[in-house]
Each structure stands twice: as C-alpha cells, then as structure tokens.
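Both of the next two complexes hold chain A, though its partner changes from chain B to chain C.
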Partner chain A sequence: MEGRIIVVTSGKGGVGKTTATASIGAALALSDRRVAVIDMDIGLRNLDVVLGLESRVVFNIVDVVKGRCKLRQAAIRDKKIENFFLIPASQSDNKDVLTPEDMMKVGQELRKEFDFVLMDCPAGIERGFENAIAAADEALVVCTPDVSSVRDADRVIGLLLSRSIMPKLLVNRVIPKMVGRGDMLSHQDVVEVLSIDLVGLVEMDDQVVVSTNTGTHLVLQSNSKAGEAFQRIAMRLNGQPDLPIEDPMARKGLWKSISKKLGLRK
Partner chain B sequence: MTEETIIERKSTRKQQTSCVSLKRVGESLWVSFDPSQPRRLLEDELARLFGRMKHLVFQSRVILDPETAQSDENLIDSLGAFLKETFGVGFVSGPPQKRSVEEELRRRQAVAFSWRHQRSDVLMLTGRVRSGQKVSAKNHFVLMGDLNPGGEVVAGGDVLVMGSMLGTVAAGQPDKEDAIILALDFRPTQIKIGGYVARGIANSPGTVGEFAFVENNSITVANYLKVNPFGRLPWPEVR
Partner chain C sequence: MLDGLLRRYFGKGESRSVAKKRLRLALIYDKVEVSEDLLRVLQGDIVDVISRYFEIDKESLKLDIERSDDLSALIVSTPILRAKRMEKLTSDVP
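Coming up: the complex of A and B.
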C-alpha cells in the first residue's frame, strides 16, 4: 500500500507549522507507522533543530532531488522513535533550486518508502509553497485564532482547493480564558469563516517552547496539553477520523460547575 | 389642356390632401386634420376619403386628431356628427390624453412584459469567495454563500450576498451610483458604490438583511426590509 503525503501549511509564518509537523509525525511513528518529516523551507531550515537532529544532517532534500544521494541516505533516523525519519532542507540553497515537477518525482519514491510523509511547508504562497504542495495528497492547514492568520489560511485553502487538495484545519494556540472573555476568536468563529473540516484544537502550552528549544518530543512529555492534542490529531489522521474533538472551552473546574449550578455563572 | 392648368390642378389636390389624412391604427381610423381650414373644406375632404372606403367605415371607431396642442372640442363634435350621419361610423372621439414620458415608459414596459425577453447578464455564483480571490461581474452579481475577509467582488451593477459579507465589495463600477450592496449578514471590510467609498462596520445585527446605497453624497446602510427600496414600484422592472 502506498503512503500518504500530507503537507502542513498555513500561509502565515510563526503559527506552529514546524511544531505541528514534528509532533504529529512523532505521534504517528509511535503508533508503529513508518513516518518521514520533510523540511521544505529551503534556505531557512529549522525542523532539524526542533527534533534535536541538527548535528546529524549530512544530506538534504535538494541532494535527493538532484540525485547527489539516495533517499535513504538523506533520511535521518530519530534518536528516540524507531520509525521516525527527518529529511532536512538545504540551508545554503534558495527555494528556486527545486521545481514542483522534481517534487512530484521524489513524492512517488517517498510514498513507496513511508506510510506517512509530512511536509513542513514554508510561510508564504510562492515557490516554496508550490514545491511543497506539488506532491501532496492531503493538506493540514495550521491556523491560530487571529484575524491575520485566518485570512492567510483562507488564501491558502483557496489555492489548495484549486489544486483539488481538500485541506483539514488545525487551530493552534487556543487560549480558553481569552476566548471566554471575548478577546480571542473561538475555534467556531475560525471554522465558520474557513469552512473546512476541523482535525484538532491545540491549546496554548508553555511546554512547546521547552521541547522546541531542547529538541525533545512534545508527544513524549506526560504533562503537555498540546502534546496530547497532537496525539489525538495523529489518531484522527491514522484511521480514527471520528475521534471526538476536545473543546478546551468545555473543560471547567469544580468551582465553575458548582457556581453554574447555583446560578452564579452562565 | 395646357401645361399650366395641369400644374394648377396638381397643386390644388396637394393642398386638399394636406388638410386631412387618414390611417388605420389598430381597430380605429385615425383622422388627422388641420383645424385652421374652413369646416366646409374639411367635411368635403372627409367625405372624399370616407366615401372611398364605403361600407368599411360603417360602425367603425374614428379618432379625430386636430394635430395641435389645443384641440377644438366643438369642431371635433361637429365633424363627428357629420361622419355619423353621412357614413354611419360607430364612435367618434378626440385623440387620447398624452401621458408623461415616465408614465408612458412604465406603461409600455408593463404591457410588453419587458423581462420576458431580457437577456440577463447577472453573474450568480454559489459557494465561498475566499481571501485573495477576486470576482468581477459586468453587471449585477449574486453570491449564494459567503464572502470571506480578503475576498473581493467588483460589479458593474448591484451586489447581493446571500450569506456573510466580510470582504471588500465594489458595486456600480465605474459610475453607477444607484447600485446597491445587499447582504444577509452585512459586515464588509470596505464598500464602494460608484465613486463613493465607505469603511466597513465592525458590528452588524447579523440576523437582518442590510443594504448600502448612496444618499446625499454618502453611503448609507439600512435595514433592507424596513426601507424596502423597490417595494413602491408600480410594475416589476428590469434592473
């Protein structure tokens, strides 16, 4: 059976594409799937740092495309997870060295080699984006509950749909307190505007910063809300699409429940 | 007969034919005459024209049109009586009152059911216009769906969005200032009607259809059902 290539994209930068790619990839690999994550941000790679593999990079995706090495030579095995591989980006080239046709050829090879291939798409909608989505079968659009992020995600969704790729939505960095106060868009607002299937909600979590800086896996940390959310997203992608989406807003403490019953709180 | 006499007779006939003329308009006979001519001459000329038609004028409807702004009722009555007595015409009247241009236009449109043969150049789409997408319509534009923030619509006529309008809308481009912009959920980023531009409004009731139109050199937004801008038109019109 051929593997699936999923592109993780957003339009806007800094919304958590790389973290999402690393965490969902790790979670899929933990469920005994052979997974590769590919950094498509040629010239500005950082997925290797997030995964703590920067010291092991020898070859990169540009080398694979140009035939300077084999796919297996460029794929770096993760330190802790057996079936998890990274194909890093080139730091010295620019995005124009690759073409969408190149990526489609490599895509066929990747599908044979792996069950899941997650492509970390660069921000923007230029060449890097075109290259990343060329070989993709599916797309995951990462969006934070900000007006600017929603607008960029909307633009990207339009481009993906025009290439017959049906994207799924991941709402990242939800802060339930701010949503409750009305200072932040709720995930319902975001879904209403973007009108695509929601694959998961990820709460704002300080552990993300810690794991990114130390190169450890978020999904292996026991007390990370974001890690748990990424694990559930991986489960939805891996044959359990009906797994209920946990709404961070619905999580309430004992005192809140009591005061609600007493009529002190709505 | 000399050549001079022939010319004289021709000119006399020309004078006679010019004071009364007859044509068929629908089921009626429309008689135009020159009221400045003597009554006797008019009667002779009528007799000549109606005499030729013989039984065809019996019980027919005749309209006497003096072709001047001030119609002479007495003259029409006396000529009518003459025609009734001599040729047995059924009904004689003066010309119908002229309608105002606007009224006549509306009447004609209503009578002709103008929309039946109207070739529509309305662009009607379903779905969602997303950020970065731009839809241009030559004339009116109807969207059954939503216009997202960052999406853009430009139309030569009206813009109707049967859903949420959150993007940028330009109606009546380039200079049709009677165009309207209507949405069920009216929260656009910016709107433009003809040459007028307005900022979007952050808050909208969201549950009532609102529309924007140009009034007193500025764009006004109002509840569509309350204002009902086209409800008072007497007939359906092509827009």
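Coming up: the complex of A and C.
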C-alpha cells in the first residue's frame, strides 16, 4: 500500500509546526509505522536540532531532488525510535532551488518507501509553501488561539482547498485557565471561525521547551500533556479518526468535582 | 466604565469574545478583498451583458464595492439611454 504524505503548515511562523511534525511523526513511528519527517524550510533548517540529530546530517532533501544521493542515504535514522527517519533541509540553498514539480516526483518515491511522510512547511505562502504542499495528500493546519494565527490559518486553508488538499486543524498552546476566565479563544471558537475538522488540541506545556532544549522526544516523556495530545493526534491520523477530542475545560478541579458530586453543579 | 472596573476587580476577562468578533470581521474583509484588475475585467463583462438589453453610456458606468459590518455589496450604476426592443434582442442572441 502507498504511504500518505501529510504537510504540516500554518501560514504564520512560530506556532509550533516543527514541534508538531517531530512529535506526531515520533508517535506514528512508535505505533510501528515507517515514518519520515522532512524539513522543507530550505535555508533555515530546524527539525534536525529539535530531533537531536543535527550532528548526523550528511545529505539533505535538495541532494535527493537533484539526484546527488539516494533517498535512503539522506534519511537519518532516529537514535531512539525505530522506523523513524529525518530528511533534513539544506542550510546553504534558498527555497528557489526546488520546484513543486521536483517535489511531486520525489513524493512518488517517498510514498513507496514510507507509511507516513510529514512535511514541515516553512512559514509564509510563497515558494517554500508551494514546494511543501506540492506532493501532499493531506494537510494539518497548526494554529494558536490568537487572532493573527487564526487569520493566517484561514488564508492557508483557502489555498489548500483550492488545490483540493483537505486540511485538518490542530489548535496548539491552549491555556485552559485563560479560556476559562474568558481571555483566550477556545478550540471550539477556533473551529467555529475556520469551519474545518479538528484533529486535536494541544495545551501549553513547559515540557515542549525542555524537550527542544535537549533534542529529545516529547512523546517519550512521562507527564507531558502536549506529548500525550500529540500521541492522540497520531492515533486519529492512523486509523482511529473518531478518537474523542478531550476538552481541557471539562477537566474538573477538585472543587468543581466535589460540587458536582453534591449536585451543586452540572 | 463601571463594567470595565468590575471586570478588572473580579478578573473576569472579556477579550475572548472580542477576539472572536474581530476575527470573524477580519476574515470576511479578507475574503471580499478584490484586486483592481479583477474589477476592471468585471466592468467589461458587465458592460457587455447590459449592452445586450439596453443602450447605455459605457463611459459613465460605475462599479463599486460597498462594505458594512455584516455585508459587502457590489453596486453597479449606469445611465440607461434606451431599452432594446425584444425582436432585436432575439435576433442578437442566438
């Protein structure tokens, strides 16, 4: 069976695309799928450091496209997780060295080699974006619950739909306390405004910074809310689309649950 | 103002609903943003269609997009010089 190419995109920068790519990819590989994550941010590569593989980079995606190496030579095996591979970006080129046609050609090869291919898309909607979505079968649109990120997500969703790529939404960095006191958009608000399907929401979690600092996998850390959320997202992508979306607001505090028991609160 | 003070005292935010409202409007505005080029082509097409039914003053046809909070309207105004007769119409349009 052919693999699926999923582009992780957002329009706006700094909303957590790379972390999402790394964590969802790792979670998919942990459930015995053969997974590649590809850094499409040519000239500004980062997925390698997030995964702790920066010292192993030899070839990159541009080398693969230009035929300077085989796909298997450029795929760096993860240190911890079996069947998990990184194809890094080139750091010395710019986005114009690749074309969407190049990517479609490589895409065919990638589908044969892997069950899942996650493309970490650069910010923006220019050439880098076009390259990253060219070969994609599906898309994950990452956004945080703030007006600028949601607006950019809307723009990107429009561009994806115009190319017949069905996007799904990932709401990142939700702070339940702020949502609760009415100072942050909830994931339901964002879904309502963008009107696309939600694949999951990820709470703000200090562990993300820690795991990025050390180049270790968030999904292998115990007690990481974000890590668990990414694992559930991976499950939804991997044959369990109906796994219920957990609502952080429904998680009761002690008082809430006591008063609920006493029938003071619904 | 009292309302604002109260909210501040009780720590009850309201920025969530403000954000949602502003976003909705921004997205609507984004979607109806029309380029000058598109308007020019549209104007040409509209002149062609109306001219099948009316003699109009092509030069003074005006095309505008008016926006208010909850809707955008395309407004076309043109002086009509004369309506075309039906027989002529059917022979013009195959």
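Keep in mind that, in the parts below, the second predicted complex is superposed on the first by the 258 of 266 C-alpha atoms of A that agree within 3 Å, B and C clash if a C-alpha of one lies under 4 Å from a C-alpha of the other, contacts with A are read in each partner's own complex, and residues count from 1 in each chain.
The criterion applied here is as follows: a residue touches a chain if its C-beta (ideal position, glycine included) is under 8 Å from a C-beta of that chain, and two chains touch if they have at least 3 such contacts.
Keep in mind the model is a prediction, meaning the values are calculated, not measured.
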Partner chain(s) touched by A:V179 [first = chain B, second = chain C, both, neither]: second
First, second, both or neither for A:V147, with chain B first and chain C second: both
First (chain B), second (chain C), both or neither touched by A:S195: first
Chain C versus chain B, contacts on chain A by residue: C
Touching partner for A:I157 - first (chain B), second (chain C), both, neither: first
Set of chain A residues, in rising order, touched by both chain B and chain C: 147, 150-151, 154-155, 193
Interface residues, chain B side, partner chain A - complex: 128, 130-133, 146, 148-151, 166
Residue numbers on chain A that touch chain B, as the complex places them: 147, 150-152, 154-155, 157-159, 193-195
Chain A partner contacts - residues on chain C that touch it in the complex: 11-17, 19-20, 22-24, 26-27, 30
Chain A residues within the chain C interface of the complex: 146-147, 150-151, 154-155, 178-179, 181-186, 189, 192-193
